[in-house]
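All chains are identified by letter, namely A, B and C, in their written order; residue positions are counted from 1 within each chain.
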Amino acid sequence: MILTPKMKLLLASGLASLMLMSPALAENMLRISNTEDPKTADAQMTTDLYTLPLNIFDRLVESETTGPGQSSLVPGLAESWEVSADGLTYTFHLRAGVKFHDGAVLSADDVVYTFDRMLNPATKALNTDILTFIAGAEDRLDGKADSVSGLKALDDHTVQITLAQPYAAFLALLAAPGASIYERAFTEAAGDQFGLTPETTNGTGPFILRDYTLNDSQMLEANDDYWRGRPELDRLLVRVVADSETLRMLFESDEIDVLDLDYAPTQTPYFYGSDTWKDQIRSGPRVGIYYYNINQAQKPFDDVRVRKAFQMAIDRQTIVDKNFYGKGKLEDGVMPRGLTCYAPAEPIAYDPAKAKELLAEAGYPDGVDITLSQAANWSQKWSDMNQIVQAQIAAAGFRATIETPDEATFMAARKAGETHNYMQVWSADFNDPDNFFYTFFSESGSKSRAYNNNDPEVFADIVKARGMVDQEARCKLYQDLTARIVGTDAAWVPLFSLDHNYVVQPRVKNFVVPWNGWSDMSYYKVEVE
Amino acid sequence: MLMFALRRILVSIPVLIGITMILFIMLNVVPGDPVALMMKEHASPDVIARVRAQMHLDDPMIVRYFRFLANALQGDLGNSIKLNRPVTDLLLKAFPNTLMLAVCAALVSWVIGIPAGVLSAVRRDSLIDRFFMGFSLLGVSMPVFWSALLLQYIFAMQLRLLPVSGFYGWKYMILPAIVLGWSSAGVIARLTRSSLLEVMRHDYIRTARAKGLRETGVITRHALKNALIPVVTIMAIQVAGLLSGAVITESIFSIPGVGRITVNAISSRDMPLLQGAVLFATVLVILGNLVADILYSVLDPRIRAQMKKDA
Amino acid sequence: MAAPATPATEPETLEDASFLRDTLRAFRKNRMAMVGLAFVVLLVLGAIFAPWVSPHDPYRVALDEQLLPMSHTYWLGTDNFGRDVLTRILYGARISLMVGIVPSLVSLTIGTVLGILSGYLGGKTDFVVMRLADMMIAFPSLLLAMVVMYTLGANLLNIFLALALVGWASVARVVRSQTLALREKEFIEAARANGTARATIMFAHIFPNVVPTLIVLFSLSIPEAIMWESSLSFLGVGVQPPEASWGLLVAKGKEYIFQAPSVAIAPGIAILLTVMAFNFIGDGLRDALDPSMKD
């Protein structure tokens, strides 16, 4: 459908008199988009959409992006902290004079309240995982205690947190958006409405929630009294736009300032090829890995030779090149590049002939029927990739059918460890290998994510690594675990990690892709001209 | 008159109760764990089990149905699982946007449909007749999602005349209203046409003609007035129909209305929200039919007489 | 929206040879209807013989032939998997035609049986059936179909079920009102006086007289069903990939509207033409079967 310039002119002149062009933009407003409504600003009540929490609240510590794919933990609301020699006691000294949006001053009691609120079963919080290492957290969650024994306000400015056992990644966890700090009096008064409307949202962060129209947009305004200094932007508008082609139209007609190509992956070649836009692309690696789950409880994947064959039968490079326009790198381990302790793992070669041999050895000389799974409402990206893989592995003798149960059925089956191999992506919630290993290969993860990789030594090592203080030895252990899980056991198929690409309007300055490659980020330092 | 309206309303009540029952049963036999969905990829199994217990999801269905019915009568449709807000609030906040879209679309459909119907009735089998009927038939035959895509592409993307999507003022309403209105213009056009043709066969029109009145006068002053009676009544039904047609239009143009809520409720498997949204739409359809019936009886003298006899 | 057709005021039946001949002649004279019929015949043939008509495999994945423009090899270009768009549309026609016909037949059957029973027997049967129909009609059709798909899961069989469920009530209403009219006719009263069994009266005497209406309803419910299916599939609760239904093709293709417009636009045109063709046929049939309806 292409209109000639003349047709355009005719149509335009006929219609222009009837309609006005887009209104002038408000000064210093950044307009971004998300694919779905965040549902709440309350970071304790969401597990995936963090734009609001990251901009409205602060954490005790923050992970700051120091370079592409690199981060370091920096002081946030806590000015400084000490960790006891046994790794059990953390003492945080709060910054003085930090004010919430409603004018109240931050105190140690607010921090204790915030974490207790998360663990209070009445809150029904979804991010409790972050805090379960604190002594007494499990009792509080189970309703056996009215407070958390490991949480103490020593005075107005000092918070002491005691862990049940040493956990090396605890500080990194406190920088996760879920650990955002709230104000006791305000949040208690808001009850279960906290974070749902501008009136019931209150934080210390650089932006204040001013307007929230469900399924449509959220408007944030600069916090003039922000303790780090007022943000450069006056306002931040987050629009909800689900379709990639709509997003591109919005961006090209200057209704959006930042186009996250994660939300419009199919438009990637266009922007890279466009003279107007190719210099406006901002790109960074992401600490996240695409992978195929393998369920060893389902035949034929109980046989390690079949699993190895499956690893070898997928032409990962072609998928990156054709489906992601070459904007990514192959991954061979459990840890993606950028993660603490990352080291390149033994490469997995694409070798359909070898895969066929392995299948024959395993007793399937004529190939084998398998099933790949994906929930019906997962995005087109997944069904596209599954169809590509289905075609690729046929060469090695895997005759795959793709089943698409609805999401509820899929999740229930997975919880019971009964799904078929499925493809997914995992991005780091916090910069520590535990976030990957524990999630997938701990005793509970291996079952509830349907790996059934019942290797007691792996289970034991993952628990052991959690408490190790010697970082070098700890990293070594994770690298050994990688070799065992991916190499020896062939329990998972690492695929690739993708760059995160954005296109920004020329007026946008200081836009930095966050270390983890998330779509959700703080816009504190971004400017518009 | 009042008796008639009252009786129509009374008949609607068992229909409504039946609908709540069908809806409730259909939505509650769905397998799977809604709580697991609330939390998606990054949630641990312990947390899921804990929240599930807190939500009374394990009560028997009949208990849950009567709780639902009792609450619904008080305007409480429960809480959305995903959005964690009262369903009633969500629907009432979204409804004005949907209503606005439906009304604008209805206007579009009348502006296209009625003249098309009149012209093609008067100039039967002429080129104008063919053109207008073809144009409105095109509207009926085009899938809304497809025409929306084309119009977006042409007017927003290529010509930059109208905003692509969202809802921040009247300009944003133009494309969605055209897309949705065009799709039902054909119905209006056909009805106007056949109704006008029927009326024009009647004696009084022949009389008027015989008296030497000009054709335009005959049509506008005499025929159209009567011919539009069925058209007016279908308008009331049509508004309700447009409300459900808004489902697709709203999702394509990102209009935060009831239709968008419904689609989101399905894709996120938010059962209470879906239940509330469908019930809400159904009540609107029933109301639309009610208004149509009453309107018809007020406008059409024959029915009015019939009612007097009945009462 | 199916226009309610209420023809057949005379007790003529289809067996009546002259009636049949007149109908056919009237239909044949309707040019638009004949064009529609020709299109549908071509489409049906194309769908049935798709593997022979097209040299391409609709499910093949060839990533190095992604999104090719229109060419001699690929008349309408290729999609993001390198599959021939025209072939996908031909295979999609199978689904769309099936979805048009199967649920319409089911809802027609249910609607006819219930409509005749309700109209002829009256009383409690009538009350129950009509209240049920009221309920179904009060449900906005698309929403009802969506709820059914939500409950039963997204696949072709469930689309049949959902659409049949949506369609029967309006059929029942029309058939009932015709039955009510026919009941008072002399030939029915005569049959009743002769002591003919009720079932015989209903299905041997009344039914044949409803058939012309049913044919019109059928022809008009096909495009409607095709439209519903494409909407459901577009919204993601209908046919699932890699199957090719037209609605799904548009939904999946719209992402590539800038690079390869034909991927999304062509299946939309297929829906448009098919729906129009069936509407022409339906109109032609109505005019032919019931001259009184023709203006």
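Quick notes on this structure:
We take it that a contact is a pair of C-beta atoms (placed from the backbone, for glycine too) under 8 Å apart; a residue touches a chain by one contact, two chains touch by 3 or more.
Just so we're on the same page, UniProt names per chain: B = Peptide/nickel transport system permease protein.
All values reported here derive from a predicted model rather than from experimental measurement.
Comparing chain C-alpha centroids with the centroid of the full set of protein C-alpha atoms picks out B as the closest. Taking A-C and B-C together, the pair of chains sharing more C-beta contacts is B-C. Between the Cα centres of chain A and chain B there is a gap of 39 Å. One inter-chain figure worth recording: chain A and chain C are separated by 46 Å, centre to centre, where each centre is the mean of the chain's CA atoms. Mean C-alpha position of chain B lies 22 Å from that of chain C.
Annotation for chain C: residues 236, 254, 257, 265 touch two or more other chains. For chain A, the set of residues that touch two or more other chains comprises 1, 243, 245, 377, 406, 409.
Of all residues in chain B, those touching 2 or more other chains are 30, 149-150, 153, 251, 267, 269, listed in ascending order. Partner chain C is touched in their complex by these residues of chain B: 11, 14-16, 18-19, 22-23, 26-27, 29-30, 124, 137-138, 140-146, 149-150, 153, 184, 187, 190, 194, 197, 240-241, 243-245, 247-248, 251, 262-263, 266-267, 269, 274, 277-278, 281-282, 285-286, 289. Against chain C, the residues of chain A that register as touching in their complex are 1-2, 243-245, 248, 266-267, 269-270, 318, 322-323, 376-377, 380, 383-384, 387-388, 390-392, 402, 404-406, 409.
Contacts from chain C toward chain A in the complex involve residues 60-61, 63-64, 66, 80-81, 153-154, 236, 240-242, 252, 254-259, 261, 265.
Chain B contributes residues 30-34, 36-48, 50-51, 54, 82-85, 90, 93-94, 149-150, 152-167, 171, 174, 251-252, 254, 256, 260-261, 264, 267-269 to its touches with chain A in the complex. In the complex of the two chains, the chain C residues touching chain B come out as 1, 3, 131-132, 134-135, 138-144, 146-148, 150-151, 223, 227, 230-231, 234-237, 247, 250-251, 254, 257, 264-265, 268, 271-272, 275-276, 279, 295.
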